């Protein structure tokens, strides 16, 4: 019988715990290592709706990218979304596992998937934080090459590849040849992208002054949305889990989608 | 129908939130304000055994002195006692309310009950932190008088009154006339007791150097146990809740007792 | 002869220094109080392009909302945009004045202008920080009413009123009746908007988790862009300066515009 | 002629300074390295009574486990016990040497003596902090084995071996086979004892929540008193000093005893 | 019989404790409140030589400006000057009282005496920190007027008045009319002196950049030495103590003098 | 054509950046790496007068020891000396380079020049911080030997060698044989000088308690002035720059001198 502990152990091969940032919270954040698992629901976020979907489907485990608990909790009541989510999980005996910055950094993780989805060639880790036991470098950002093209052409490709309703960007004044990617909020690492020789950086949650900094630095900076830059890893994660645990039913959340819209 | 919110509101009259210490965590720490309540289990601590007892008895609410969550939580798993307790509560839809340092300080709270149980006369608040809306002072410690007696006689009375298996103490070299009390770990407030003119201080969790400090200061210092100095408030709390909510069944935990023994 | 000191003094009546946040940097950040002023260039930001435009036009002063120096400087070289801007100003004897969070908070400042531009009625300060010498409250956010309408209709109005190329938003599930506004990055004050009874909040630089928080809270949250929510104050500032100093030529920057585009 | 410096040097072989905790204060805390020594008084604590006894007996040196000064001093007056102690020492030209956490950790120190006194077999250091120059590991806690027995039987042995008036304990639900010891306040290291495979932990100054933690962890936790768990080292220290300095008179304090009593 | 407590009480009328800086250490720093006093040695510093002089003369008390203990002590050995001083005091039963920043600030204290010694007229407190119970302002710096004169003339007067071997100064480019004084290291308060309308500031321990700052500000800044700017208070203190305690012998240290020389 | 970048690169061979203290600010603090250089003004400090002299002489670069910006700047106005200096530099297109603690520490830097100027023999680095790429040690202080002499004789030599108007010193009670030097404010490193076997230490900005500490330690401590202990490096720096860049005109500031005088 597959247990939560088995899934945890497998997740640790995909996204080893030593690859996470110091401040992060990953692993088994709710439930029980000894619980048997027959159904796993996979999603980007462990929000209330995802917990509810898992309960209704009869899953014993949710596997997500973002952590169920980020700010440590001083209460668990139905007055907060996180409290309601935990109550649903506990009431239905559902465990919650996540891999966050360890999955961002891991070979084959969030950013490798994002780079591949954008069709980058010759993908490399920017400023590797270390190497894994097989000598493969890991770290937050990836970069890769595309055939030289105008920024507008690249924007069109990004929108299609990631399924974004809209994009926000600043034109750094250069054609697109070498692209850095960092799913989620990575605009603070702009200089690393530049120092790696990139002309273009795809990330999310970009602020006003960051767009201006990019313009000053001559970097094309593209905000493709937190959800759309990270969500591609979910399908890959689901596939890998299904392959590793053929007797367990693995499903991607059917309801979870970006709540943010463009007008 | 009585709800958790009704009980919370009533608790706030017994132990107003503004009387708590800054670092404390009190109020509704688990569950739902809107949940109906027909059975309340009252105990000193919201430990796993108490949660289990509540579930078995069918209570929808536990009311305790110590908080369910003190150190903020980064996970809720069955690998910790607190995690197991929360899972039991959530699985059974049980809410958890507590009044901690606000109940220590409140008029009629932990320390007034302790002082009365010890038979002190002319009970006063030591260094009041403020006054409530009726002008009654509140604060952590209480002091009161006993007929002058030898320390040994007073020790015998304390043991009987609180039902302690044993006591630890240092003899400050004075007969007992004016006694300070602080349920739980209050030995750090030894100088306040002395400055209030007390010759004797009853509290708990006393450390080696604190016994020596008391001896140097000429203060009889008695460790009557954390449980036994605070538990008397539980019965009073249960009575008051029962009186205020006659249609709700209120019960004191039958299993919860001090785990520490003397040899 | 009008001097920089005269303009500073007038600016202090529009946006008194005591209204600024503790961490802010406002007032005369470059140049000389005694310099004569015949031409003032007004802009949202004191970026390099604005400094260059001022030099070419022959202005002796730029007046902006954002500060020339925010992070304190350890060098002033042409390797950074801010260094180049300061070198242009010093080379051409141009002073730089700004009013930042004091102008956000001041009656008639950034947020009153924004609220008026959006056609809000019965405009109020949310959680006032104090009152000015005339007893008028000041503070960061404003709220006001609109005729009840669907969110989509309101979004269309916002886009037109502020001239935004695009908007990002989350639908809180309510029609629009009472709207809070906070130019720039104010999403962190979401709860204040909610507590003031607002169903809708217009601000900028909104992050992924903030959109989700708003959805959980049932608040329509609209990101209309940092530039577009703050820039309306520039025209008002220019008008007021022109009216107060009729012998000085006041011009709004012709080149400065949002660098961020939508795709 | 033996001097204080000679004793210090010898003490450093018994309890090298590099074995102490960072926050600790050890070595020569009062007096003079060059003072001749003919009489040494040895005690657990350098309290006022011990200083007085040293003065009356004519000792030039006291050697203790606890430091004369722990909190750094801003005054030395007769209003505090520590001030009176220092005044007695200075008035009588008595030096004060101590070995505190370095003696706790050293091979043959506080915890090895405690383990031996309890009759443990196959004594090991738990989580060694390092090894000394002879390759012998050192560290805070020790563990060792006893013939399997009921907790009650072990409690009886502890009481006799250490001469305790009473013991406090929690029953972890296991028979006693492998015992960890940490003289003084070591309950915070409970998990290390558990991870070393111990079923029982003898230490002191245990608090309410620590007893409960032990119960949850299934660990027999015994509070045998700060004095009684550390004092055994005093006799050993006196013997070793006497052997090393046959021409010096070495005496254990006749007055110093635990001030805490049981009732 | 006069006791140390009597002197302490009197000192508190001259230099009340509430006038001291937060970080300061003043009052009875060694000895005993109950000790009888027949001889008091007064000096600027409680250095080893002063302690020795007190012992040889048979004083039971030293009264100084600087504190015996400033950095809190972790040991008292003859390897440090402060350790030797304390050992001399304790061995001879000598108490040590000081008034430091409270005497700097007090009406009639260090800075009033310094201002008077320099012949300033119309002496005022600069930026008073408060008023004493008689409504007289107190604070660190004093200012006063002199007949307008060249800086050189004033320097000559300062040297004679304070008995300085030499002076260091920067010429601020102004004649001397209004002078600020701050005994000891007060150059950090240069701007307060300037804002009080002073053209000249007499203090000590002035650093390179502070001389340049003064020159930039157009302030004559004079370093008359830490000793020579503070020592005048010693004679006044001795006189006042003698007048208040006619039966006690009060003497100024005969040996203590500035150790710093000019070449 | 020589550029600022060429000078920077050369300066980095004289005083490599890795030799600076963590808190220091060195290198190009104003101007442009690409600016051509035909005239360099060299001075100890980049004060306003030096900036003005550079402008009048037509220099494109000033090279100094002290940094143009030390405390990071939040404004650049003509109300401060540093603001005026930067405005002069920017207005005249003058760059500013400095080497501060890296030049103090570098072989051949401030302290080697000072030691040589004082005629010390067998000059060594005290407590080297490391070695450069040629294996030569670097670090803050230097020491060296002189023929044994009375302190008075050495003082006379120091005054002549450094051209000091006056000296301040304390007599440590020893003849002069081995001398430590630390240009500027290095008195805090007194114990390092002592541990290196020095009897005498020449530095600057010495405070009252530091003179007394030196006396207690038996160290002759000499304050030869911040300017006079550091300025000797200026001539050496000018010579080296001239030799390295024969086509550039290099001049030592004619106006910059110590502002502090003795009386």
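For reference, chains read A, B, C, D, E and F in written order, and residue numbers begin at 1 within each chain.
Criterion: a residue touches a chain if its C-beta (ideal position, glycine included) is under 8 Å from a C-beta of that chain, and two chains touch if they have at least 3 such contacts.
Keep in mind the model is a prediction, meaning the values are calculated, not measured.
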item: Smallest number of contact steps required from subunit B to reach subunit D; value: 1
item: Between subunit A and subunit F, the fewest steps along chains that touch one another; value: 2
item: Most remote chain, CA-based centroid, reference being subunit A; value: E
item: Gap in Å, rounded to a whole number, between the CA centres of subunit C and subunit A; value: 34
item: Subunit C and subunit F, separation of their C-alpha mean positions in angstrom; value: 46
item: Rounded Å distance, subunit A centre to subunit E centre (Cα mean); value: 66
item: Multi-chain contact sites of subunit A, meaning residues that touch two or more partners; value: none
item: Contact graph of the chains (line, ring, star, complete, other); value: ring
item: Direction subunit B, origin subunit A - full chain order round the ring; value: A, B, D, E, F, C
item: Of all residues in subunit E, those that touch subunit D in their complex; value: 25, 27-34, 69, 71-79, 86-87, 89-91, 93, 95
item: Residue ranges of subunit B in contact with subunit D within the complex; value: 45, 47-48, 81, 152, 155-156, 159, 166-171, 184-185, 204-205, 207-208, 211-213, 215-216, 225-227, 259-263
